[in-house]
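Presented below are the structures under discussion, each in the form of structure tokens.
Both complexes below contain chain A, partnered by chain B and then by chain C.
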Partner chain A sequence: MEDGLKDIIDDLDSLKRSLPDPSLQASVLQLRLRVENLTRMAKSGPVGRPKVKDMSAEVVDSNPYSRLMALQRMGIVENYERIRDFSVAIVGVGGVGSVAAEMLTRCGIGRLLLYDYDKVELANMNRLFFRPEQAGMTKTDAAVQTLSDINPDVVLESYTFNITTVQGFETFMSSLRNKSFCPSKEGSGVDLVLSCVDNYEARMAVNQACNELNQTWMESGVSEDAVSGHIQLLIPGETACFACAPPLVVASGVDERTLKREGVCAASLPTTMGVVAGLLVQNTLKFLLNFGNVSPYLGYNSLKDFFPTMEMKPNPQCSNAVCLERQKEYVLAKPARDAAAKAKMEAEMSSITECPLHDDNEWNISVVDDNEVHTAGVPSADALPEGLTRELPSADEFEKSLAPGTDASVDDLENLRRQLEALNAD
Partner chain B sequence: MEGWDPNTKSTLTQIPLLSTKAGPRDGTAWTQRLKEEYKSLIAYTQMNKSNDNDWFRISAANPEGTRWTGKCWYVHNLLKYEFDLQFDIPVTYPSTSPELELPEIDGKTQKMYRGGKICLTIHFKPLWAKNCPRFGIAHALCLGLAPWLAAEIPILVDSGMIKHKDDVSSTSEC
Partner chain C sequence: MEDGLKDIIDDLDSLKRSLPDPSLQASVLQLRLRVENLTRMAKSGPVGRPKVKDMSAEVVDSNPYSRLMALQRMGIVENYERIRDFSVAIVGVGGVGSVAAEMLTRCGIGRLLLYDYDKVELANMNRLFFRPEQAGMTKTDAAVQTLSDINPDVVLESYTFNITTVQGFETFMSSLRNKSFCPSKEGSGVDLVLSCVDNYEARMAVNQACNELNQTWMESGVSEDAVSGHIQLLIPGETACFACAPPLVVASGVDERTLKREGVCAASLPTTMGVVAGLLVQNTLKFLLNFGNVSPYLGYNSLKDFFPTMEMKPNPQCSNAVCLERQKEYVLAKPARDAAAKAKMEAEMSSITECPLHDDNEWNISVVDDNEVHTAGVPSADALPEGLTRELPSADEFEKSLAPGTDASVDDLENLRRQLEALNAD
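And now, the complex of A and B:
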């Protein structure tokens, strides 16, 4: 484009020289000035910054990380630069996922894996991130285009397929297992999976993958009426998995399966989606960089500005077999966990030098153990208050596996297939 | 099952239930499930034929039985409207139901997700979830696709969104 503009200037110059009539000189000069302006604008247009090798805390206008590195000086984060070692997978690059991806990109995350099979549509423009001129592109391509401009230091990988199909799921699993970015890492190749999808099937697929890989993940969601949302931390075996207790059942008594999806015109707001993406990425940063408390579940009700939090234990009768396996592993690892916690406590205790809490005790105040007074009245954890009974038996037998078909002799798969084809033929 | 017509209810009770809870990644257990799927599909197809209510053809498009293709049709005002039918068995099957697709009418109705996946959310998915793993493909067709066709096709035809194939060819001849 710059070359083209330069040619025009040259043409104008030669035109000016060859013009016999001096009265036209002024307008030619004006044209030349306008082209020069355009050249300047073209030069100052979007130029990406070069990659940065090390994150610097130096406070200069040209340092993209100065404000983030200041988190260390403020005593919030011990070592911010660790963020470059982390990989985060974002499943679903829609209203929440795309904004979460932008936030992590601006924070300088090491690697982002983006999964989505949809295309950008003009109907998405009421949400953040995507631009109208990207309509028709796949969401993953459009996201990579924008994100790599914003921060070229982030390694971006885009995957465009449906993770709920058998083949898509296998590719999804192997992309999570791939450890080429950080070969020394234990477990899978990513540090966290963020589920930002809009339907039950995809959430169940993410749940299945993370249970199998023993991969910690966070789930997010916005209600179809666009006025509430939630985020949830899922650690296989330790907290409830998605099949243990779908979050909406807990939050509002609505069956998660009755949730509608975007295609059948659910409402959406950039505000609610932005808030939920913000909550999700904040929890992600706390989890990765080890500061503050990582919320196990955080709801958002925008009509009342109510933010409920809670913890959910795994369901010992969960329908997901891998979840039960992880639960067993977690229980078996309890002695090791207790020992580690005790050692940590002792280390902390020994660092505090012992001295009497108060030097004098003018009123002879003493602390009395009140255990004996109350123990008789304290019910065991399982007991119910007087007047309440359980509707269902408390020790329900785990769902017996239904007896598989016993008449194996008659049902050869090929034979059955032929039978159906024969019926289909006429 | 409140709100379902007695016909559908009686048909449903005659489709054999399945018992193996297995998805396409479960090896031999999936083969067992696939056999049960075939048995219930065969029984349902036979039943439809004997009741003069034949309305679909479906067969596995790959040896693993994870992709299915075929046709379904609906008769409205004595005219038969036929559509391609396809779906994948999701990895989390049978916890999640198959997403039935009618790609030819993608974009013609609001009661559909992208790619021609019919909306099963309200009328079928809670039912499927409650009956997991006893419902299979035959049940999804009987309780998911059949009521969707009955509700949507008349509207689509009357509003001119879909035309009968004879109408299309006669207009092109003119």
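And now, the complex of A and C:
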């Protein structure tokens, strides 16, 4: 389109030169101005929305933030507008990273740093976000184009280089250290790093950078067969780092770089990648805006719709030297953490005990100690419904009968134990 | 842009009329042709990709289907290209429906039917898919614009009306019955209906239509506080229909239509809606392409990252008369279903027993009956590692000692049981 308009301007110029009459030349000049305006319009792309100064909770069709600010009225988030203060770095703008970037952009995040050195290809069109007409653009340029149209309030920074090269890693580190967006912020210049890369080398680079910067980050991944994925929270020194527990692909000695070479590619699905991006950004929002439980690890097995969770402690034999330093710092800071936790709990307790919780006791509810229930012979939780009896004594009752301090005499118990042993020895 | 180009053409026409020299007039005519070409380009919108006749598995950057066809090589899907034969109807093109439509479009679904009567608003920009410059367009028009650019191979049908009106419901039914896309298909004209609406009335309309057409469908929903959602599979007569188990909002007598009126709106997040759309379309792909387990119900509680599942049988007291008919048909068809299942199992068995599974038995593996293990005193699965002993007999051993047919004499057992009862009675 822009090329076509430029050709027209050139033609108009030569037409103007060949015209004898100055008044005719003037009309051609007028025409030229029109075409120049059109060229500017074509360059600016689709007309999006203007910037919004403050996030408003007003319920009108023209407010892009009304449904997000409603999270406050619903009691989910205390102060949604804080999201404008946060910086999130997304490493890898592929099937997961691009969707994560779009979600954070639509949520009105303050600042997004995007890292990728790859170009958009038609072969990426089976995932969300990129459009066929963007094929050939760098993923970072294409992402900035789309995201700035969607939400001009977000500060977008695009970094088009490979973070696994020596020079790339240096630039990566200094971009994360840059605090110009929020100079008062403690630690690095970003609040969270999201790793959305598709290979081990890049993950190790993110791991190294975050260990060095003492930077909390989240890792994400999708399996080569496209039907499972995971997200993981990594806090240097506190949780396992990426080097603490090497993934299976390395443990089994497979070189994943060979995969692309032989005309073979990994499968991928927009569904799995969309779900993983959604879980990742949901965890990010919970982490930044302080609501719900931030998951330390969440898996997604789409064939069975199974979502395993786990926690991973750091490995004291981790091969990453900075991780070991962070682990040491974390242990040394334990007394301070405990004191802070105790102070917080006491503050909460004192605010609770200021007034009695219930003035009356209409339902005659009294608090009973768990152990008391157990030894006093009150029916336990697995008591049977009326009309049913047990064929064998329940495990609880059996254990109780052998526990010291019950009414059974020691002689009875000794006798019973001997008989059981004799039976088992057969 | 188009208006600007039209003005230029008008100006060129008047310029041409005022020119004395025919050769100059000819150059203006040339210029006019150029502008006309540009106008055609501007009308056709962004240049996407050309249609693709067959899905190829070739691994080249220009193949939009390589990552999907790789699902076959990975052993996940037997015949991915079958996806081109399927028609899916999406009712409600909002936060969940639009993303579901984009996912199916990128997966190369044969035909998509989109139903919505709403317009795009800036207030929708906190969810994925729609762009600010589409504000004011109908959601169906905006969706067709975006989706046809993304994948011109998908047949898109857009229905802009309210399915809960009498006329709307009629048109809805006849559009679902239309078999022109695949005349040989049994049943209705679509393979699956996805309900992505945000209100009870519309869900009941989809339920009524699917019960009448004996059409399998999937329901989806996101909570008003934006932090949980669900998907559900509904097969008329076989599973609960939407009227079999009325949702809480109706049971508690809340009129959800009052919500929008008082300047109050529900909260929503691109994350929750993206995850629900991903789970919904993943379930759709499993259902259509016959892989993995299709989930009958899957919940998503994002605060705890908890994903409840359940199955719901139809309610014999369902208020929906057509549901009761479908239930009757399902029961009557049981002998035929059983016979088909038996025939299938026998066919599989005979193909298995055609040749011995293992010619040799290098590892000396033999099949042992579970009960035999139990009574023969072979260590059970919870045998302890070497060097450890149990303080108390394990539940297995205790049970075994009381089971008839073991080596213990009946007298011993009677004696033991009496003693246990005496102990438990205390």
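Just so it is clear, the second predicted complex is superposed on the first by the 288 of 426 C-alpha atoms of A that agree within 3 Å, B and C clash if a C-alpha of one lies under 4 Å from a C-alpha of the other, contacts with A are read in each partner's own complex, and residues count from 1 in each chain.
Here, contacts are C-beta pairs under 8 Å (C-beta built on N, C-alpha and C of every residue); 3 or more make two chains touch, one makes a residue touch a chain.
Note that the structure is a prediction, hence the values are computed from the model and not measured.
Touching more residues of chain A than its counterpart among chain B and chain C is C. Contacts of A:Asn126 after superposition: chain C is touched, whereas chain B is not reached. Applying the stated contact rule after C-alpha superposition, one finds that A:Leu24 touches chain C and leaves chain B untouched. When the two structures are aligned on the shared chain, A:Arg111 is found in touch with neither chain B nor chain C.
Once the two complexes are overlaid on the shared chain, A:Arg34 sits against chain C while remaining clear of chain B. In the overlay built on the shared chain, the residue A:Phe169 is in contact with chain B alone; chain C does not reach it. Touch criterion met: A:Met204 reaches chain B, while chain C stays clear of it. Taken together, the two complexes place residues 263-265, 401-402, 416, 419-420, 423-424 of chain A in contact with chain B and also with chain C. Within the complex formed with chain B, the chain A residues making contact are 118, 164-166, 169, 200-201, 204-205, 207-208, 243, 255, 257-261, 263-265, 319-320, 401-405, 411, 413, 416-417, 419-421, 423-424.
Taken in their complex, chain B has these residues touching chain A: 19-21, 24-25, 29, 31-32, 34-36, 38-39, 41-42, 45-46, 49, 57-60, 64, 66, 70, 88-92, 95-96, 99, 110-114, 117, 119, 121-122, 125-126, 129, 132-133. Those residues of chain C that touch chain A in the shared complex are 1, 4-5, 7-8, 11-12, 14-15, 18-19, 24, 27-28, 30-31, 34-35, 37-38, 41-42, 46-49, 58-68, 70-71, 73-76, 99, 102-103, 106-108, 121-123, 125-128, 131-133, 135, 149-151, 224-227, 263-272, 274-275, 277-279, 281-283, 285-286, 291-293, 295, 298, 302-305, 307, 309, 377, 392-393, 395, 397-399, 401-402, 406-408, 412, 415-416, 419-420, 423-424, 426.
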